[in-house]
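Shared between the two complexes below is chain A, which has chain B as its partner in the first and chain C in the second.
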Partner chain A sequence: MFKIITAVIGRDLKLAMRRQADIVSALFFFIIVVSLFPLGIGPEPDLLRKLAPGVLWVAALLATMLSLPRLFADDHRDGTLEQLALAPHPLGLVVTGKVIAHWLVSGLPLALVAPVLGIQFDLSADALIVLTFAILIGTPALSGIGAIGAALTLGLRGGGVLVSLLVLPLYIPVLIFGAGAVDATVTGLGGEGHLSLLAALTFASLGFAPWATAAALKIALE
Partner chain B sequence: MKDRFNLYRFASPATFYPLAGAMIPYFVAVSVVFGLAGLWLGMLVAPTDFQQGEGYRIIFIHVPASWMSMFIYLVMAFWAAIGLAFNTRLSGMMAQALAPTGALMAFLSLLTGALWGKPMWGAWWVWDARLTSELILLFLYIGYMALTAAIDDNRRSDKAGALLLLVGVVNIPIIYFSVKWWNTLHQGSSVNLAKSSMATTMLWGMLLMAMCFWMYSIAIAFMRVRTIMLERERNTEWVKAVLTGGEK
Partner chain C sequence: MLEADNLECVRGERRLFAGLGFRLKAGELLYLQGKNGSGKTSLLRMLIGLLPPEAGEIRWKGQSIKSDDFRADLCYLGHLNAIKEELTPLENLLAAARLADEELSDDDALDALEQVGLAGREDLACKFLSQGQKRRVALARLVKEKRPLWILDEPFVALDVAAVDWLAGIISGHLQRGGLAVMTTHQLVDIPAGTVRELRLS
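Here is the complex of A and B:
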């Protein structure tokens, strides 16, 4: 069971490494969007400190979404996806592998640059740690839920815009608890509760979303 | 030859089309009757609220619209589950026929809520849990309609839409509670069957209006599903017979 997951992860990572520009552009999209906010709002540190969690999380949502259409599109175009669906392994496990690979390529880099961007917003050290940790454990849920949307819109015209309509409303709980964790830390309430819920969302979506995604892929491949 | 009544007979568009057509006038009539009774009770009979004055009367539209917006999503999810499980053609059509009405109800609920909120809270919009989740419900409706509209193949559009509905219905409680914990300022629910905090006439007016909205939704969904049937089955004999042989 784990063999097929690790095999898919290895394959997707190798493909991603051959096209590093894709990873880097999504990452820079995140950095640019976050950097635009102080320019739009003004440089007062108090205001920025208050806005930082929300701004960083919304930007993380958008950056993750940006890379979603590519999750299945390339494999669909060259026929790999059909072969994966025909393989004796359950398609849900294959999708689990692809989701994990997607997170390693798109979610993990966000968590790595988040503290740097947090400094731009004058966040305290505690808040930076919680922010990084929240993005680290929250983004797998984004990849998992997003995979459903990517599979549903596979091969459709205007798929990129459509995927955002489908997926963004479902991202709201992650946004609320992710930004809430940082907020609670800043106000001194402690973010453990939010982080626990965020981890719960991640585990639930990693457990269930791949199977919904597999069903959506089968519909799309019919 | 056995010719007993069989409910599954109406699972086919060819037989459901005339049945829906025959039922629409009744639903419209019942909706109008309930609507007139509800409006009479709500606007003329129900006493003026001592805190909110006459402005509260918008709840006779607001509350039924909110109920319907949530209920229609559940009905759509029900049809989605039936369609995915039994591969029935009609369930996808029903779900697609209901979606615009559900979106309209969600929009009406937000609109009347804003009109009520301005004099009562002093703001058109506040970010409290119920308003926000109603807004998210509207987004879910729009996402569903956008997805089904983007897929040309009917079979795929039904199934993909059904899957999205099921995913949405699982997520609604999660979204609701996350938004609720995020912020709560709304007044508590005042409809309670055991111990209602409002006058009986108000409750009856509201229930009558809810029935009116309910019947309206069924009638309009039937009208829409008839159009969808004709469009999708345009190459079949029964549609030709319907279209050339006059009405019904």
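Here is the complex of A and C:
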């Protein structure tokens, strides 16, 4: 069971390394969008501190969205998806591998740069740690839920826009608890409760989303 | 071993075929023939379990083909090559084997690539290869393939004469070992071994 998941992760990471433009463009999108806000709003630390969690999380959602349409589209176009569906394993495991690989190249880099970007918003050290942690445990849920949308719109024209319409509403809980965790830390309430709910969302979506995605992929392959 | 009963295929509003059935035993090859759009590829996709038939049933070794066991016995080569342009031929072969849960050593993979005439190009990304060479990378999978059921969709397309002969040899070797094969083709290629059956869709 783990063999197939690691095989898929290994292949997808190797492909991502050969095509670094994809990773770099989503990361730079995140960096630039987040950095535009302090420039646009001006040097008002109180306002910036209030805006920071929301801005960083919305930018993280959008950056994750950028790479979603290609999650299955390339494999679909060159016929590899058929071969994956015909592998002697449940398709859900293959999808789990692809979701983890997607998180490693899209979610993890966001978490790594988030503390640096947070400094621009004059966040305290505590808040920066919670922010990094929240993005780290929240983004796997984004990859998991996003995979369902990517699979449902596979092979459709204008699939990219459709993915956003389909997936962004489902991202709202992650956004609320993710931004809430940082917000609660800034106001001194403590973000543990939000972080636990965020972790619960991630586990639930990593457990269920691959199977829903697999069902959608089977329909797309008919 | 492979049995199909009373299959019916409807694509969109059109019924492509109905009441189609066949039995295929070890060492037998089934040639699917028919015009473009007669449902050859649809039938193949039913046989591999990706397209559920409108009616009828397909069994492998007496079991329905919906199980994981069936897929462990199946090797499918579609009209798409299923190779990654960014990876080299060697990496493609090894990745495909690993995903299909098959053992394939580096030496075996290199040997397979040499047989399909790609010696010296193992480390070149597939996007630099010609159409025919990419097809050869896809076909290289068959060289070391031990699974008993091969389903091939137009395997001879984009191949030169020498490669067609080579592939016919590979398929006869498979049939001689007691394997089964189902394939569609427009050019009739003589397969020297095994029992050849034909099914014409119209």
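Following the convention adopted for this analysis, the second predicted complex is superposed on the first by the 222 of 222 C-alpha atoms of A that agree within 3 Å, B and C clash if a C-alpha of one lies under 4 Å from a C-alpha of the other, contacts with A are read in each partner's own complex, and residues count from 1 in each chain.
Here, contacts are C-beta pairs under 8 Å (C-beta built on N, C-alpha and C of every residue); 3 or more make two chains touch, one makes a residue touch a chain.
Please read these numbers as outputs of a predicted model, since none were measured by experiment.
Student: Taking the superposition on A as described, I'd like to know which of chain B and chain C A:87 touches: first, second, both or neither.
Tutor: Second partner only, chain C.
Student: Kindly classify A:165 by the partners it touches after superposition: chain B alone (first), chain C alone (second), both, or neither?
Tutor: first
Student: Just chain B (first), just chain C (second), both, or neither: which does A:4 touch?
Tutor: second
Student: Output check: A:23 vs chain B and chain C. Expected answer is one of first, second, both, neither. What do you get?
Tutor: neither
Student: Check the residue A:222 against both partner chains and state whether it touches chain B (first), chain C (second), both, or neither.
Tutor: In the superposition, A:222 contacts both chain B and chain C.
Student: Contact-wise, after the overlay, does A:73 reach chain B, chain C, both or neither (first, second, both, neither)?
Tutor: It touches nothing on chain B or chain C.
Student: Which partner does A:108 reach: the first (chain B), the second (chain C), both, or neither?
Tutor: neither
Student: What is the contact status of A:13 with respect to chain B (first) and chain C (second): first, second, both, or neither?
Tutor: A:13: touches no partner chain.
Student: With the touch criterion stated at the top, can you tell me which chain A residues are shared between the chain B interface and the chain C interface?
Tutor: Residues common to the chain A contacts of chain C and of chain B are 222, listed in rising order.
Student: Please output the residues of chain A touching chain B within their complex, sorted ascending.
Tutor: 148, 152-153, 156-159, 162, 165-166, 168-170, 172-173, 176-177, 180, 197, 201, 208, 212, 215-216, 219-220, 222
Student: Name, in rising order, each residue of chain B that touches chain A in their complex.
Tutor: 136, 139-140, 142-143, 146-147, 150-151, 155-156, 159-160, 163-164, 166-168, 170-171, 174-175, 178-179, 181-182
Student: Any idea which chain A residues touch chain C in the complex?
Tutor: Result: residues 3-4, 7-8, 10-11, 14-15, 18-19, 77-80, 82-90, 94, 218, 221-222 of chain A touch chain C.
Student: Would you pull the chain C residues touching chain A in the complex into a rising list?
Tutor: Its residues touching chain A are 45, 48-52, 68-69, 71-72, 74, 76, 78-87, 91, 95-96, 98-101, 125.
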